[in-house]
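Just so it is clear, A, B, C and D label the chains in written order, and each chain counts residues from 1 on its own.
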Amino acid sequence: MTTDTPMQLGMVGLGRMGANLVRRLMRDGHRCVVYDIDQAAVRKLAGEGATGANSLNRLVDELDRPRAVWLMLPAAVVDPTLDDLVPLLDPDDVVIDGGNSFYQDDIARSKRLAEAGIHYVDCGTSGGVWGLERGYCLMIGGDDAAVARLDPIFRSIAPGSGRAEPTPSRTRNGTAAEGYLHCGPSGAGHFVKMVHNGVEYGMMGAIAEGLSIIRHADVGKRAHAADAETAPLRTPEAYQYEIDVAEVAEVWRRGSVVQSWLVDLVADALARSPGLEAFEGRVSDSGEGRWTVDAAIDEGVPAPVITSALMERFESRGLGHFTDAALSAMRSEFGGHAEKRA
Amino acid sequence: MTTDTPMQLGMVGLGRMGANLVRRLMRDGHRCVVYDIDQAAVRKLAGEGATGANSLNRLVDELDRPRAVWLMLPAAVVDPTLDDLVPLLDPDDVVIDGGNSFYQDDIARSKRLAEAGIHYVDCGTSGGVWGLERGYCLMIGGDDAAVARLDPIFRSIAPGSGRAEPTPSRTRNGTAAEGYLHCGPSGAGHFVKMVHNGVEYGMMGAIAEGLSIIRHADVGKRAHAADAETAPLRTPEAYQYEIDVAEVAEVWRRGSVVQSWLVDLVADALARSPGLEAFEGRVSDSGEGRWTVDAAIDEGVPAPVITSALMERFESRGLGHFTDAALSAMRSEFGGHAEKRA
Amino acid sequence: MTTDTPMQLGMVGLGRMGANLVRRLMRDGHRCVVYDIDQAAVRKLAGEGATGANSLNRLVDELDRPRAVWLMLPAAVVDPTLDDLVPLLDPDDVVIDGGNSFYQDDIARSKRLAEAGIHYVDCGTSGGVWGLERGYCLMIGGDDAAVARLDPIFRSIAPGSGRAEPTPSRTRNGTAAEGYLHCGPSGAGHFVKMVHNGVEYGMMGAIAEGLSIIRHADVGKRAHAADAETAPLRTPEAYQYEIDVAEVAEVWRRGSVVQSWLVDLVADALARSPGLEAFEGRVSDSGEGRWTVDAAIDEGVPAPVITSALMERFESRGLGHFTDAALSAMRSEFGGHAEKRA
Amino acid sequence: MTTDTPMQLGMVGLGRMGANLVRRLMRDGHRCVVYDIDQAAVRKLAGEGATGANSLNRLVDELDRPRAVWLMLPAAVVDPTLDDLVPLLDPDDVVIDGGNSFYQDDIARSKRLAEAGIHYVDCGTSGGVWGLERGYCLMIGGDDAAVARLDPIFRSIAPGSGRAEPTPSRTRNGTAAEGYLHCGPSGAGHFVKMVHNGVEYGMMGAIAEGLSIIRHADVGKRAHAADAETAPLRTPEAYQYEIDVAEVAEVWRRGSVVQSWLVDLVADALARSPGLEAFEGRVSDSGEGRWTVDAAIDEGVPAPVITSALMERFESRGLGHFTDAALSAMRSEFGGHAEKRA
């Protein structure tokens, strides 16, 4: 599978995502010039066929004009990198931010780069560590001309239409069925990717809660304290099940309504370790879920499911401690209730 | 303040609530016969003027017919006590369950006692450790005749209308303004008390969360990890406040919209200990919150606030651990994300 | 694809689900005897190769012992049908309830049927109108012998392992990879199916909220009332997007983390009608979501995501009206705020 | 009750809140100079003893230096008013913003005014239409000197310590017990007021939901559709109550744990109209609830109760319509479910 229209792309940032994007592009015949502050990462990809660069300067020099430079960097590093990179570029060059930037930063950056005649394209990139093989779902924002010019790049990175059966009622053409979409002007790509991650939080929360309810279906077998601080279980006879959670996840993978990649993944994790003992249960959140809720609130759109999933992550990290202490304090005040220790 | 119509009441269960109810009744001139399995508790109240009984039998014998016997017991002990008590009673006697029984149990019990011609009255009793002084808010269910007969008892236990200014638009008579209310047939009292506690959960959750948000208004002063697992704080300059949470609770006690007894109580707890260090933050729930949500779901009434408060208590006790581990497992699977340890 | 071990099955209830189960079984060489109170439905399937029965009596007579009779009926009709059916059966026969019964009813029924020596198997059946083609995901409860005997039936109904790639870390054998699972004793099948539907609610809620947030990304273009009753939009310039929601759903179908059958389905619905004008937005709930939350509460497992999805459905049907009126009433009382009409 | 230290205050904005603040100040012997674009409002207060001004210019001229000018204006009008007012002021004058400004705006404004040597004090003012009589709870931010100078003003506006019993454990001095508090530097006052309103949302939501659950305790009396789209009510016999919601609110006013001003208010509204027929149930939100949730998210503090209350208000205004339509669309796709119309 080699593209008809090979292009050149500079890639800045050769972490797991950046390196795999380069590999996927090279498989399709594109020429990649690569840079990272870690020169070992550069040498590794150079060994696989990329053109290594030991500076941003060299990376820019190696590319024909109009250039396309893809940044695959932690969000906090994008602006400093742009400060270094933009002076090296020429009018009509394109910079693509493929990381997880906040979409409102894209709006500001695209204005800044436009003053130098440089295009800025924001590209939300989903697919995680599996993207090399499955392809990456791309949600793109920016001006039409720049996005159109990069089409062969996006097409090579995306999964392609063969990755899923066609949507029966779809009559339109357009690249969405290939797994990449120009969503709108600057920021629109990261906006859609941000919401994608919010949806991901909610779906993950639903799956994880469901598995937890199944795992605790044996609660009737366990002794309950019979004191005024403990809610009685009225029907212990209804909670006598010891259900194999790993096999439940496996069975949901085929034919069920909840069939999804996330169920595939949790089934794999549970197949390795049905009790998930390796995990403390401190669930990180890296920004997109927060911003999704902020957007929902700005828009006045109720999003209780996504919001609950975000709050659940905060709770998992113990961030509600003072709230909980205040609740115990009030119970102590009005009822003389002492906390039950673990 | 001595009632015009002194009555006799048997009290079974002399814990903090039961003993204080007896004291409040005796202050008002009622005669109380008291029993507890702990004879020291009986002797203590006998020393304060009550008639002590060393058995249920004696308690029943000491009361003139038609009798009124009030149970102030843990919910789990009510049915065994009724098994012992009911055979000792006569037709037209009344049993009052003043504890926190599940209202559907009241429906069954009232039917059972009715077969022996005995009235069963369910009485939700709110007021906690402060009721002796403030009076208790009573929510009552049962048949009209029995409830009417007990009116002097309820009136003495309740706070009385002087405890709050009159509701300006209220034109009706009725005992609600005295702090007690016959809510309906059997179970209606505990139903209203159950929902009262659900409301209490929600109000407590709101207050505790608000204080926590204020306490953490200094988050911009603390260093944040700058990695892909940590959501960046975009405006640290807006979170530079070190606000005195105890004084905030104090100021809200007068003139604010959130003025409430719960704010009074949390202000007192914070006055003693602004950091609430004595509390682990493991918040018990004793049934009524769960049942309130069950009722909301049965009725199809959305109750997201009360439900969130219940779930927050579950989280405070670490009951979401497997859910959280499953979330971390999924993140590890799709993104290679490792958990950040505490 | 014809099974090696053809069996006989009686099917009671020939609605969409029941009829398609029969078709899927016949394709695999099983003999089906079918009954429905609607004789036209019987005749239709008889025309496709099934043996029609005009009464439960005839259906039972047509089957060799030990018999297997599958009920595919609305939950409310199961018990009356069992009342008619059980006296016609013989010891060691099996009845399968493939509908959406409450799992605690299964526990009671299995005890009742066991008194007559009859096995009762509960089988949660997921797959909807697509099951004929995709196969049905089966979650099964009941005693080992009965479930084992029915294995060829379950295998033919289930999707089969080819419907998804193998779970990489899975080393066990077992039928889960075929799309059916014996989850435990009576009720375990419907318990897992109930939670499956709870998960489904949560996933659906997350997807729908996300699409809604994207659809309203143009909120900055619309005029906002500038009065004290309306929250100001502080950054209208950040909400100027008109994003094609249908194409977003399409692009998420390949390579994204939210890839799932539910996204496939909503993409199809949006391809037909991007504004979903055909829908009023009154979202039904048919019991399993409620029971899932009840179970979470009984177990003390926090399930805020699934619960929020349930409450969101209640809100969609206007069931929060009195709550909302009370909120407006309070705002009117303390602030003189008048409601803003639509 | 006349203050020992009468001061002068300019009041800009004579709506309900501004006018009553002036009245409360004049009762206490302070001299008020008042301005509003509505000259009728100015004349009215002049008739009650204030000094009327027909322009900002005149208002400034009428005040001795160092001046104190209180703005009681819609948030959107504050900045334009400052543009007009600040050039008229002199170094060491103070401007107080007593409205509902976003606290981050305060930070910016205080910097701007500091450049001209003018102090800016933000003052969250709670008390609604009842403040003239009850006093207003004041949450104040700004530099120490300016806040200290205004102490007699704040003291007169606040309720005073007599409005509630002392907090038993409180040993500190300080103004919080009088109902006003200097919370911290610029923005701290509106930050605390913002969170106060978030708490108010949560408390209101809990109360309203509870009353709604009580109102619908008769759901077992109503016929239920017995179809696959309707969740069955398993225990109709437990929902046969017709409870007088107005009287429940009244009884909660004395002795209960939920005793609060909000319960007082809803009791009054229900006393006038037990069915609240005058309300459509479209509940406004005016910003502070949104900002509270934004702050919780920025801080990483879980606030599920307050957040649910905010989302509930969005739902009350029908803002979840597209979400709901998408849910119905998915149900139609996988299960052929048709919406049940109202």
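The definition used in the following text is that a contact is a pair of C-beta atoms (placed from the backbone, for glycine too) under 8 Å apart; a residue touches a chain by one contact, two chains touch by 3 or more.
Computed from a predicted model, the values in this text were never measured in an experiment.
A.B. asks: Quick check for you: after a Cα superposition of chain A on chain B, what is the rotation angle, between 0 and 180°, in steps of 5?
C.D. replies: Fitting chain A to chain B on C-alpha positions yields an angle of 180 degrees.
A.B. asks: Using C-alpha centres only, name the chain that sits farthest from chain B.
C.D. replies: Relative to chain B, the chain with the farthest C-alpha centre is A.
A.B. asks: Please work out which of C-D and B-C is bridged by more C-beta pairs in contact, and write that pair.
C.D. replies: Ranking C-D and B-C by C-beta contacts puts C-D first.
A.B. asks: For chain C and chain D, what's the span in angstrom between their mean Cα positions?
C.D. replies: A distance of 44 Å separates the two centres.
A.B. asks: Taking the mean of the C-alpha atoms as each chain's centre, how many Å separate chain B from chain C?
C.D. replies: Centre-to-centre distance between chain B and chain C: 38 Å.
A.B. asks: Where in chain D do residues touch two or more other chains at once?
C.D. replies: Residues 128, 205, 207, 209, 212, 216, 231, 234, 257, 261-262, 268-269, 290, 298, 300-304, 307-308, 311-312, 315, 317, 320, 322-323, 334 of chain D touch two or more partner chains.
A.B. asks: Which residues, counting only chain D, touch chain A once they are in their complex?
C.D. replies: 257, 290, 293-294, 297-298, 300-304, 307-308, 310-312, 314-315, 317, 319-320, 322-323, 334
A.B. asks: Under the stated contact criterion, what part of chain C meets chain D in this complex?
C.D. replies: Of all residues in chain C, those touching chain D are 16, 74-76, 100, 102, 128-130, 204-205, 207-209, 211-212, 215-216, 226-232, 234, 261-262, 265-266, 268-270, 276, 279-287, 289-290, 304, 308, 312-313, 315-318, 320-337, 339-342.
A.B. asks: Quick one: in the complex, what on chain D touches chain B?
C.D. replies: It comes out as residues 103-104, 107, 126-128, 131, 134-139, 158-161, 163-165, 167-172, 174-181, 183-185, 187-188, 191-192, 195-203, 205-207, 209-210, 212-214, 216-217, 219, 231, 233-235, 237-244, 247-248, 250-264, 267-269, 271-272, 292, 295-296, 298-309, 311-312, 315.
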